[in-house]
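Below are two complexes that have chain A in common, paired first with chain B and then with chain C.
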Partner chain A sequence: MSSETVTLTIDGQEVQVPRGATVLQACESIGVEIPTLCTDPRLKPYGACRMCVVEVQPGPPRPTASCTTPAGDGMTVVTDSQSIKDIRKHVIELQLQHHPLDCPYCDQAGTCELQDEVFDQEIFQSPYETVPKAHPEEILNEVILINHNRCILCGRCVRMCDEQIGVRALDFVERAVGTFIAPAQHEFMDCERCGMCIETCPVGALLSRPFKHAARSWQTEKTASTCPHCAVGCSLLVESRHGSVVRTRSNGLEEPDRGILCAKGFFGHSFVNSGERITEPLVRRNGALQPASWSEALNVISAGLREVLDAHGPQAVGVVGSPNTTNEDNYTLQRFARAVLGTNNVYSQSSGLHAAARTLRAVLGSAAGPRSQSELLESDVILVVGADIGQTHNVVGAHVKQAARDDGRTLLVATRLASGLDDFATVAARVRPGAEAVLLSALAGADIPNMHALTGIDADTLTAMRSRVQAAGTVAVVWDTGVWTLGKAEAIAQGAANLALAHDGVKLFPLPERANAAGTFLLGMAPDLLPGARPLSDDEARRQASDAWGAPVPAEPGLAFDDFIDGPMQALYVMGEDVVGGSANPQGAQAALERARLVVAQDIFMNATTEAADVVLPGATFAEKGGHFTNFEGRLGRLAPAIPPVGKARPDWEIVARVSAAMGADFGWRSHEPISTELAGLMQRPSLPGSRESAAVNGAAPAPADGFVLATEQHLYTAGVSGRRADSLTLMLPEAVAELNAGDAQRLSIAHGDRIRLSADGGEVNLKALVADRVPPGVVSLPDRFLEAAPRQLDPRAPDGAAVRVHKV
Partner chain B sequence: MAIHSGAPRRATLDDAERPKLDQLRQALAPLRDEPGTTLEALYAAQDIFSYVPPEAVTLIAKELRLPESEVFGVLTFYSMFHRKPAAAYVLRVCRDLSCHLTGAPQVLHAFNQALGARVGEVTEDGLFETESVSCLGLCDLQPALMVNLEQHGPMTADKARALLDDLRARGAR
Partner chain C sequence: MPLGSGVLTGLKTVLMVGRRKPSTVMYPEHVRDIGYRFRGQVGMRRDEVTGGMTCVGCGLCETACPNDVIRVDTSENADGTRFVDRYLFDVGRCVFCYFCIEACPVDALQRTHDFHLVTEDRRGLLIDGQKMIEIYENDQAYREAEQHNIGPGAAIANWFERG
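Then we have the complex of A and B:
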């Protein structure tokens, strides 16, 4: 019994497999092919389709489903007897009673598992009369439809949604021959639009509406790449045809996604081929941006930069990189700035992740991370604080649910909004927006008076959380560093660090807000850092960079961004970032850009920064270039070009390298590979001591009783600028909304869909109200699309936790 | 907590019926922490409304912390649950072998004649509806029937007519 392996005989061949393996796995291990329909490696064995039947001795005298039968010592398995072949053929014949052979216009044709079986079983005509089902096609929501005639009731969609996503929006309804797959009450209310039901469907029953009749599966070019929408960095299979991306799918079962995607990964690609893309260089002539050739644009830029350098010196020049672009893009921009322009005014978005990472390094030193997702999911206790990571980092959220349900991890949830994580949690509580850092310090043991009023969490719940944290060997503390943390990212990181100092087993997982935010930090896209996030003050790091770049790196750190644009700035080069629209003071930033002698903005869509620029350059999306993103774990996700860049667009690294060449410094790169190699050589991680000092964290005062507290977390269906140009995502969340609790809405006579006005000291915003169960009483949630709401005077960056008033318009 | 939950759905209950949801909520309270109580919950809803309205499915899922799809799946699987308003007294006459041989067709015929309605039709007064169902597990009472959850049998045509009089005397619930 104690043996780790079992030995059995399959079709006369002896095979050894680990104890616990199924007969099906044993067959696969020696290359014996067993047909299956209800099997998906992501799902638990189910035994629905009966295609995998085999004869097993000793055992009952009947065919046995190999997928649900554990391999046993001394078993004799026969997989290819005539009776087994007959059963398999009959299973398929019965399926064809409902399943039409409409393969010529079925999207699944070519990748259909039933089609393959019909072929393999040599069924040239259905022996039974085909009886179509009453409701052949049902539109489930904006992006998903189901064709009931094609459905073979294998249950993969039901199980995928349940086991992997933790949502279970679908189930079998009715019974016997009338059984079909449907959401509750035929309203797909619980669906998170991840598309994984479509992904796992072996036939053309569950279908993507955006992909419907877009291409035959064998006509598309398939390119392995990485999702550009968040810092999980899921593997993506990009399918393209005639220079357009037609769909994206999950690619493989490896980390970090383990074979699943979210709504953004599966449906969020169409921005690539948006008609609003910038497709050619634009140069400002007579006050207006006008199309120009690449050579003209490069001449204007190099002459302008040369002029500013000569007149004002390198301190007057700065560059801004982007967490939306690759490591290679950012690295090229950095090298251009430090080694060619001679300035350390190197920036990337004012970022929650940068702020959190700096705080954690200062306190914990090199122990700050980043750490792998496996470490997160294998911790005894997983504590999620702040934003709902099921929205901001959906795939990690799904994995956390699984770890709690299947692997016995204790999940503690202290989010501001209710979420799907609550159902899997041992303790779930609502923390008041603004009190997240206080809560973390309290869990670390700090004695903070008035805890309940500050955090909204009662003493018993807090004690329950604290005792579970203290008793655990390892604790993963997970928080999103997105838009809601701006202005308090340091405090939250300090709170988390306090917890790590109080308990040796605590590991911290700040989840960056954008695909490559971690990459921009580790690359040193900051005035005082160098590649590897080594301090600029580190002489050795500076020497190594100087050697690699063949030019000295100035020792003097650059200015803080706001000091730079309000101070010496005469020229600014922005790559993939909206420094005006994303600023706390957009008018001020715009004025600063207008004062500058030269502003170059390189991007995929027009924004407030490109509108203020002197030269606009067409950058490339993730689907049009090679390179890497660095995800929240510090793992590199590879991008590969699936389509050529649209119009005259070019990869961002290439544009910067051409500007550099025009200024006399040709890096000699003709592809991204040498950049990947060069930057890897400079990425040694610094050894940092850290202060190891716990610091006090002050709580925010509760909002007035008659008002609301604002929560501004990223929504599952939003993905910044690109998300707003992805048709399928905009269908899911068409406009800016404010979400209110049903009780609050009723009290203010606000109905679902009414227009409301939110006003705060920082201004006001007018948008549509949604009644949402996830919002607790007294909180109004502004998913990040409120940035588009009109009129908008509310500070777009840091209203989270602010007191606001709500009025019906 | 699904991200779309809370948004209003098509209301199916009228103002007179809505307060019954509170009644259902109370009935669900003792079932809340017991696993495997979905059927009991659905019966409770049917008892209160005469059928299981969509609002009840949503409420049961919420109160029992179950996926709504699962509650709907269970509701639709079992034929004894009504999804449209049902008669006050649903007469389920067994049609399987042993009941059939001992006179079930005559019992059903007697009901339909007396009520002037066919199987599945609700009488104009809203009191009665007959169903022809598979085995009720009451073979000792053959031919057997159930009035809502109440067992009757062995039945005859005369007993059937007497039962209708008896139920009329009880009146609507």
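Then we have the complex of A and C:
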């Protein structure tokens, strides 16, 4: 007992705290407030500012920084003696020597820790002559700037970037009174732009450029919500003013983000108030989409659907849900389809995660997941395969770095491109695009002839990885299921399953490609699934759904999407998805949509699908509606409306419910809460055994003798349609770029910024070249989500790993 | 009291008062002086360097105002300083408490004696920073009177001060 806790006396009050806690934490635990400037709960104690001084007995005969002093048994702590108060006041007065106190136009005012201290200590003027520093405001990169005069040199930004983000972009430069904060080499700061240095800065030194002078911190309404950009599902604090979102910040220290965000979470909100939003219903008249009232649009839809149902039956109708919208939105659409329209043609365009989850379930059964992030981070070995999760799921990537460095986890990295994870890895290797599944099988023990030629990984590295996996008690296998798994998602999942079958301690973590991809799978947004991802063939599941919905769910599964649109489709209802632009055959999909009697597209921006639609409905973004996303762990992230929907836009579930009501089936929902309750009641997870059979995977081709292998993966700064409409993110990556290794570029005499042409059997794309160290020789990397240079133009089925030729134009 | 005496008293009053100078004036052709302690519309000082508003866009007046009268929208200037895109003041809601004037850290907001709030359209009561500068500058005479205790309003102010 006593070894676990220590007892000390603070201001005459006895307190027990766990051993290892600091004096500061002990004080906080009983509500004794100690002013601090350099402390951040996310960071390790540092002791830079000396604001937190207390008198400690027994201890040195001078004031001690409570934030760095461990609480000891029998200590007596005095926090509020006159001399302590004087010291604190003096610390502030010294800080004010350089400080401009331009609070009236400083963005930090109101949330500034220094300002609060100046107030609390009732300091109106520094007794010292004020000497502002010579440095003006300095722009560090597209989104971050620093005002050196306001910096108090607490080092929180430096430590944040190092300890939490693992990027180490900032540091102290010069020494003594001349010290200032600057990026390494004091040049343009090409970091991950997560904004966490801004977030932790206690004063208005590090500032967000998009937010600069946009609003005062106390004027904004603050709404707790969830990031819509990827499947980590970080919690956000959305700050809005006069119906616009002005900034988003990290909210709380809980899972899954543990208090940090990535560039998309911190800077990627401006799509919400983009001028390009669809703000009113559009109906096609005389071949052109024209503004219409809600009632007209609903009439056109219900009449069209009724006509198709009467003439062709429910098999001719289908609905497409979206991993960009909430569980409630997708559930409403599903209920509308299965119970009102009577069709099982229910889809979601999230191919990667659905394919991976189905394969894992078939082999390993329903025990395959999803699993929590703490299980991932507590595994002895963490194996990252394929895409760089630092780009695709940045915050998980940051946590993995920390686990490797601080908690002694063994990190094995087998990504296609070099990444920030490499520095933290025990073994880091470059796997050839297309050979990831083979590598996983090889790690599981399969004997792969010609290993080096196929995967690009030599025998020694493979042995090093294999031995670490085999020796470990628990192994987390982590991979992104994004664009790079197109056409091979099953093979990769099978490879991972092989590894899980070979080693009991293996846990699998497929990271879904979009915010709610896991949600759409668990909700059963598929022709053969029901809520809870229970098979449609399960009579009990169908009965429960029918009871809940008051209408029978047809037993016959729907068609596969491609068969449906090329076959019986007469009416299609698409919610938050670009089925044309995201298709392997956009022209074919567009033609199919044009053939159909009725296409309804509900979205926030115009895209190839809305252009082909008969009715376009304005949906709401994450900031305008309530509901939940399901993240990669299966955890629900709550959304709350921060602003009213722009124009005539409405929450997506409400639009679908209104269409349903117009067809005579009113669900009676006036807010999203009853939907959340109803769907929770249906989310029983099935218990499926799985075949538990490992299977050989193939598909890897040796490197082409001449030319390049294509690697496609989501870039850190791209996040679907919405991300391309967020100004701050487009600043970071304005256009599609093909990344090449310096050696290859030199060989082809391609310079940074040259236009190049990539061609393959499937087609070609023209774009800008970027010479990047992260790309290994013989590989050319293309980002996802740029329709003008979509990887699928090169190979519609499986672009990743395709052989491409590179030419300078 | 004899019959009809009330009518005569009334008539006498009418005749007496009818010969006096009227207390009312023909507003707006004629405008009366008011005491310089009068709390009129809130004005804005012109910045001597830029010629625009002195306001730095801190939003403190907006925060201090109990009636949601003020809206300050800001953005970033090319040189990185704060630019006031728009300063809106809804006089129709103002109760002339002058909390905004108290709050302003750069003394951009100033009290004036302007009471000309008559408009044909309520929207005329929504004024911007430029209009507030005009109001302030048109109030020059009162400000001087206040300083030197002579000129418009001085007599009334002195009358109040004497009690």
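Everything that follows uses one rule, which is that the second predicted complex is superposed on the first by the 792 of 809 C-alpha atoms of A that agree within 3 Å, B and C clash if a C-alpha of one lies under 4 Å from a C-alpha of the other, contacts with A are read in each partner's own complex, and residues count from 1 in each chain.
By definition in this document, a residue touches a chain if its C-beta (ideal position, glycine included) is under 8 Å from a C-beta of that chain, and two chains touch if they have at least 3 such contacts.
In this text, all values refer to a predicted model and were calculated from it rather than measured experimentally.
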| item | value |
| --- | --- |
| First, second, both or neither for A:Tyr105, with chain B first and chain C second | second |
| First, second, both or neither for A:Ala214, with chain B first and chain C second | second |
| Residue contacts on chain A - larger count, chain B or chain C | B |
| Partner chain in contact with A:Val709 - chain B first, chain C second, else both or neither | neither |
| First (chain B), second (chain C), both or neither touched by A:Ala418 | first |
| Contact residues of chain A, present in both the chain B and the chain C interface | none |
| Contact footprint of chain A on chain B as seen in their complex | 1-9, 54, 57-58, 61, 65, 67-73, 76-77 |
| Chain B-touching residues of chain A, taken from the complex the two chains share | 162, 167-175, 182-185, 187, 189-192, 390-391, 418-420, 422-423, 716, 742, 751-752, 770-775 |
| Residue ranges of chain A in contact with chain C within the complex | 103-105, 109, 137, 145, 209, 212-216, 218-219, 242 |
| Interface residues, chain C side, partner chain A - complex | 56-60, 62-63, 71, 74-76, 80-83, 105-106 |
